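Take a look at this one; I'll ask things after.
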Amino acid sequence: MSRFEIYSPEGLRVDGRRWNELRRFECRINTHPDSSDGSSYVEQGNSKVICIVNGPMEPSSKAEMSTSKATLKISLNVTPFSSIDRKKRSKNERRIQEIVTSLKRTFEQSIIVNKYPRTTISITLHVLALDGGLLSSITNAITLALIDAGIAMYDYISSVSAGFYNNTPLLDLNQLEESDVSFLTIGVVGKSEKLALLLLENKIPLDQLESVLAIAIAGGHRIRDLMDKEVRRHGDLRLSKLANK
Amino acid sequence: MAKGIEVSINEKSFVFDALKQGIRLDGRKLEDFRNVDITLGDEYGYVDVRLGKTRVVARISAEISTPFEDRPFEGLFTVSTEISPMASAMFENQRQSDDELLISRAIEKAVRRSGALDLESLCIIAGSKCWSIRADVHFLDYDGGFIDASCIAVMTGLQHFRKNDITVSGEQIVIHSVEEREPVELSVLHVPICVTFAFFNPEGVEENIKGESNNEIYIVDTTLEEDLLKDGVLTVAVNKNREVCQISKAGGLPMDALTLMDCGRKAYDIAVELTNQIKKLLEADYKRRNEGIQYKLRAENDRITVE
Amino acid sequence: MDILSVSKGSGFAYEDAEVGSDEDVDILIDEDETRGDDVQLDGSVKTSVVTPGELVTDDPIWMRGHGTYFLGTNTYSSVAGTISRVNRLLSVKPIRGRYEPETGDHIVGRIAEVGQKRWKVDIGAKTHAILMLGSVNLPGGVLRRKSESDELQMRNFLKEGDLLNCEVQSLFQDGSASLHTRSLKYGKLRNGYFISVPSSLIVRAKNHSHSLPGGASVIIGVNGYIWLRKTTEDISQANNTSLSKNATAISAKGQYNVGSGSVSITRLEEESSWEIYSDVNDEISSTLRSTITRYANSIKALAFCEIGISVERIISAYEASMAYEDSGKLVDRETMETIGQQVINGEKYRGQ
């Protein structure tokens, strides 16, 4: 299986990172100010995601309206050109559907939904490039876009993946590592150690789980800070412009 | 969870207050799993699991087919879970709800993706012939815990199932009937057991997000009513080798990481217990089947043993 | 627990190196702690940004307003925005967000749905606003009773897609608005062009309906919907609240005599006729059309530069745009930036 060394004896991974290092994380908010209420663009390593939030707005049909809270609509589009094997992924694919459901349930808890009765918040995601960490990059993108849209949230949800290989936890896996290493993806609430989201699909020894979770939570906090920095940067920019008013 | 079933605020506060005092409606403790009643059928691979009022039947079958092109050395294994309104009126025909999706994905991930069944052992002739094993899960009655029950059913079924023996000569495959040759069992590598926890938040959301108290309650193996009221859910699949095969906490109430670790350990204890129960049952069944010809000739049958 | 805390300090060297001017985690936490004090000490509204989940203050003296949530004595922000303090009310104003209607706002809306005795109006807010049949002027004057036949012919007054100019009458419990057009300056919009800008850019003023140089006039809806149109007699006399059939019919400016249009208030209401629900545009000359386009593009330039929009600025941007012959050029990025800069510079020069 291993055509390459996942974790060298010197402690380096395929892309030269150490075990506890994140990939390059870059994000922008308010990337599509005219077409949406909130938007964001997240690059996590080579994964690139655009998120567009519209709402809270009048629901398109009465059926999806709740009199007590906002309804969330998430649509996830993994573009065919996002991965190496060009393959059309249907929106109805069960894996995609599962991710959408998980995200919906995560953000229903994080958005103060009862502030927006009789409305819909529609979230549209486009995955432009995929190099591992699908769930984590889209979770981060949604958090940023929601904040940009001025939607009330209890706290940030920051997400990152972490794997376990040869007795070493590895933080923020890329596509190559994901195929060989069993990993979990978490969504951390703000600076706490509370997890809104926790998904693990492969085998990890129970006794090692704690160390993997620990590094993942620390990575999540780090990503929260980076997102927070971008939100503040953008906010200050906005304020300086509004000072002209 | 369900359309059509609504729980009143009074009922909800009743359940919540009881939980706060560590009592559940059916008298169990918070961390108690319901008694699992597993019945093996006369045929190989037929398992009937009852978990409280929940009833799930799994049927394993095998046929010979062609492997996927990109995986010539592996056999096929499919888990089919279709939840019909037979189980409960809350499930609709044809349309799959979010919950049904999560249930079937959880079973699939726990059983199939964790490699519980050795797919390479199902290969007959590389690239052209292999066994295709199919697990059909039927949901007969619903009172919570579908994931747990169906996982037990499928895993017991796989261990119980015997496929016909075959002989390969060149491209020719001869399938021997059960009478002709003793059928062979599947190679099951490990037995993942799913345990589902439900979370309840007795205080406000603010306390959950910002508070230090970690007062959230978690309970094992919910009944329908508890299921309707839960704030969040966690499914852990673990085997007795202390390997976690799957964790799924798809949103819901944010929970402290250490609590989740506790859940993992609890799940392990339950999994060990259930694995042993399944093992004993299978041994008993094996013994019964191998009593020899006397077993087939004896006058009594299962039906008379009605009390 | 110990593992969790140990790993927090270590690592992430890669990220630090990459981002360069990265703030340390600890600094952020310090900020969190001091922020509450800032509010209490100087009492002024902080200009820097708070983000969701951030502790705003731990002083229980504050009343918690919009954009906050609390636990015990701690108040946290739920949006990214600035802290605003009105007496003892502490709220966080989001930087961006949908228009939040307030009673008395002069807004422009578009009919989304015709319902039982009411219209649903899209005003760019979280939910559609409601315009009751009883809150509009119908042909025949204000004192006229609304009959069943009016209910049946609601589409003849306003139908889906029609734009109108109205005022927020009141707010419902859930924050959605109820509108009215019971003034002659409100009603259906025609003879012009619709632009939408973020509502946060609109500078609230005493009057939101203005005549502009060049024969155009503008309604700057507080909700960010702007209507540019040809100035007709009734509009230019809007402050006089006169609407006479004759005046509308005579489109040429010179022929209008001051005083002949000013009718008594009761008379005037009788005068309000089907004319106000007309679906036919007046004759608009091509020069006026290009003037309106130029205004529209000037407003877009202001919005692009995120400059607050007021009538003075629209005129100033319009004047600045005169440097460009072709008003189609105005939507170029550089041009919009130049115009925005000129508007700001002009204001500084005049000492505003």
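Each chain gets a letter, A, B and C, in the order it is written, and its residues are counted from 1.
What we mean here is this: contacts are C-beta pairs under 8 Å (C-beta built on N, C-alpha and C of every residue); 3 or more make two chains touch, one makes a residue touch a chain.
From a predicted model like this one, the values you see are computed outputs, not experimental measurements.
Peer 1: More contacting C-beta pairs: A-B or A-C?
Peer 2: Top pair by contacting C-beta pairs is A-C.
Peer 1: From the centre of subunit A, which other chain's Cα mean sits the farthest off?
Peer 2: C
Peer 1: Give the identifier of the chain nearest to the protein's overall CA centre, each chain being represented by its own CA mean.
Peer 2: A
Peer 1: Between subunit B and subunit C, what is the separation of their C-alpha centroids in Å?
Peer 2: 57
Peer 1: Between subunit A and subunit B, what's the gap in Å when you average each chain's C-alpha atoms?
Peer 2: 30
Peer 1: Considering subunit B alone, which of its residues make contact with at least two other chains?
Peer 2: 206, 209-210, 257-258, in rising order.
Peer 1: Enumerate the residues of subunit C that touch no fewer than two other chains.
Peer 2: In subunit C, 4, 53, 69, 76 touch at least two other chains.
Peer 1: Residues touching two or more other chains, restricted to subunit A: which are they?
Peer 2: Answer for subunit A, listing residues that touch two or more other chains: 112, 154-155, 189-190, 193, 210, 213-214, 217.
Peer 1: Over in the complex, which subunit B residues touch subunit A? Could you list them?
Peer 2: For this pair, the touching residues of subunit B are 98, 101-102, 104-105, 109, 113-115, 205-206, 208-210, 232, 234, 238, 242-258, 260-261, 264-265, 268.
Peer 1: Which of the residues in subunit A come into contact with subunit B in the complex?
Peer 2: Where subunit A meets subunit B, its residues are 94-95, 97-98, 101-110, 112, 154-155, 184, 189-190, 192-207, 209-210, 213-214, 217.
Peer 1: Please give the residue numbers of subunit C that touch subunit B in the complex, ascending.
Peer 2: 1, 4, 53, 69-71, 74, 76
Peer 1: Which residues of subunit C touch subunit A once you look at their complex with the stated criterion?
Peer 2: The touching residues are 3-4, 6-8, 10-15, 18-19, 22-23, 25, 28-29, 47-49, 51-53, 67, 69, 76, 78-82, 94-98, 112, 120, 122, 126-128, 174, 176, 198, 200, 203, 305-308, 344.
Peer 1: Can you list the residues on subunit A that touch subunit C in the complex?
Peer 2: These residues of subunit A touch subunit C: 17-22, 24-25, 30, 33, 37-38, 55-58, 112, 116-119, 147-156, 171, 189-191, 193, 210-211, 213-215, 217-219, 221-222, 225-226, 228-229, 231-232, 234-236, 238-239, 241-242, 244-245.
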